[in-house]
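Here subunit A shows up in two complexes: once beside subunit B, once beside subunit C.
Let's turn to the complex of A and B:
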């Protein structure tokens, strides 16, 4: 069986895309950029030395699950959420919902999704996709990274839902349980923007927000100290490109999506200044893409001398400067 | 204003890719316009870094923006898909 009227759509990011698809299916017409912006999805964090990461790394989005929580808080939509200890019960619940014609989002480890080409497979425990049908032992999945719905054997889905490690999904699933008759978009947009500005400018921790971008710029020249050899360093440097471009984790892509949000918000709350800021953010996004390409090039060519890392550091530092200015202006525009 | 035909645009895209990636051992005629540019089915053997180079070159030359990574993947799938995207974007900016 397949939930017939579910519209599969590609999206820029799995979590905002999944939330958008489910809300659209529930009759609430909203775009992915609006979900992303209202839920303050834009962010930056740099982790130089942390137990959970073997090598320094960074994030360009808020915590997994936060977009759903912020959507509930700011728009009043309600989601039912479940986690499970027992794999059979987790599958039973999923089947029960399918039987009722309710598509639900599952959190999975990306690695176990058979439809992902082998060269793209990585262990990421916080991938979200929507289960929209089942035929025999195969589930039908609406994964916003793929142009069409795809099939997935139940054994693989179970492996993905119960993968171990950091941020393990524990069978987590969710689906919309209620849409309010009236949504105060002006308030939701304002709160979403103010919180994004706070996160980028005012969290008093040196590795988060613009301070985190600055720390990333400063510390990247130390990366060779953490690497086993040139191969390892090259792999880690090329991961900058992967994190910024390839896996829906953000960077340029998220800056562009947030810019689209500001453009839509400008019209919805009659604030033309947001439209101008949107243009500015597009240019900032291009700068992140330049960083991504530079990192990919030097990594691919094993051209990782100190002078190249210094250039990379300066490029990242440039992003800190422009993002600080951008979020300060954005914050002022909302007063 | 001169109007570029579809075949002229496709040739231009092929030349842009070859120039961007410094490809000298393949001629434009050898590049199949429908076959994927990635995965070894075409005359070119490209990887994800090449993909990003192509995205940025297309953005610069045609003044378009490919913001969504997943969309980017489908746009740069083949010469035809790149040409379709550019044509659609140019039509949008005219209207």
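Let's turn to the complex of A and C:
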């Protein structure tokens, strides 16, 4: 059984891609950057010490699940959501929805997805994908990180949906339940941008937003003391590239996708200032890409002495400076 | 970033990047992963070294097979405890080689589920501890 009219599309990011493809299937044509921008997806957070992370790390997007919540709040679309304690009931509900021809998104731990290549496998509980069919004991998955739909054994899907740990999925699934006849995009875009600016500039915590970028720049020189050996440090430094480019960001830690959103928004709400700012963000994104390429290079060469980490720190610090200016201008443009 | 700068040949890992197209419009383009295309050999080299180093630590009775898989899969003590639904203090004990044989069948099953390996894989690594002791 397969939901025939569901169109699989690759996307830059799993959550925005999943929401976009579900809304498109429900008859609401919207692009991934618009979903991302309206839901204030752009963000930065640095975590130096956390119980759930084995090494300092950073994030470049808002809290998982927030894109769906913000899309509901700002565009008025409705999603039905479910979490489960019982694994059998969770699978039953999924099968029931498939039987009714409703594709639904599941939250899973990326590690248990058999179709993911071994080098990409990490324990991360916040991956989203759409279940679009079932044949025997295999589910058919539309995963926005893959060019074609892929098969997944039922046991692996259960493992992924009930992984436990921080941000445990608890069998979470959702699907669109209603699209309003009229959407006030001007208000949605405005609110999305204002909240993104607030998140980047005004959260009074030193590890979030632009302050988080500064903390990242300051603390990265301390990374060697957390590493087991040079190869471990090299692995973690190269992960900067993965987190910024490969882990579903659309490049430069979502900065390119947000620039695309601003360009689309400028046309939709007739605000040329946003177009100029989108060009500026593209240039800022190029700077982030330089950081990720530099990190990959020094990691591969094991050239991880204090002077190279200082250069990396200065490059990151430079991004904090330009992003502070950028988001201040963006905030002003929306007044 | 311009479209012409992103075309990377890596069929094993495809992805979407947002770029500036020739007409000045920004939009998605499907390409290969830069890091997988250029640095995958380095990843496998480091992975192999880590596996060997952890394996020898198991042999030298420094760690238990539970810690072997925990480090390999980049999990912390608190994350493993929460995922396996086993108290932290118990997991802490299970990380030591001398307590490995005390792990109950139920706990072993839970660890195997979290690590996504067969129980046999953990046990066979554990049997190295006994051989070393002999």
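Keep this in mind: the second predicted complex is superposed on the first by the 331 of 335 C-alpha atoms of A that agree within 3 Å, B and C clash if a C-alpha of one lies under 4 Å from a C-alpha of the other, contacts with A are read in each partner's own complex, and residues count from 1 in each chain.
The working rule: contacts are C-beta pairs under 8 Å (C-beta built on N, C-alpha and C of every residue); 3 or more make two chains touch, one makes a residue touch a chain.
Keep in mind that what you see is a predicted model, and the values were worked out from it rather than measured.
When the shared chain is aligned, subunit B and subunit C each come close enough to touch A:282. When the two complexes are overlaid on their common chain A, residue A:253 makes contact with subunit B while staying clear of subunit C. In the superposition on chain A, contact of A:322 is made with neither subunit B nor subunit C. In the superposed model, A:26 makes contact with neither subunit B nor subunit C.
With both structures placed on the common chain, the touch criterion links A:183 to neither subunit B nor subunit C.
Looking at the shared chain after the overlay, A:164 reaches subunit C, while subunit B stays out of its contact range.
In the superposed model, A:263 makes contact with subunit C only, not with subunit B. In the overlay built on the shared chain, the residue A:203 is in contact with neither subunit B nor subunit C.
10-12, 144-145, 147, 238, 241-242, 245-246, 248, 252, 256-257, 259-260, 282, 285-286, 289, 293, 296, 300 are the residues of subunit A that lie in the contact sets of both subunit B and subunit C, per the superposition on chain A.
Touching subunit C in their complex are the following residues of subunit A: 10-12, 32-33, 51-55, 111-112, 117, 119-120, 122-123, 144-147, 159, 163-166, 168, 231-232, 234-235, 238, 241-242, 245-246, 248, 250-252, 256-257, 259-260, 263, 278, 282, 285-286, 289, 293, 296, 299-300. On the side of subunit C, the complex with subunit A involves touching residues 1, 6, 12-20, 25-28, 30, 33-36, 38-40, 42-44, 46-47, 49-50, 73-76, 78-79, 82-85, 113-114, 116. Subunit B meets subunit A in the complex at residues 47-49, 52-53, 55-56, 59, 65, 67-71, 74.
Per the touch definition, subunit A reaches subunit B in the complex via residues 10-12, 144-145, 147, 238, 241-242, 245-248, 252-253, 256-257, 259-260, 282, 285-286, 289-290, 292-293, 296-297, 300.
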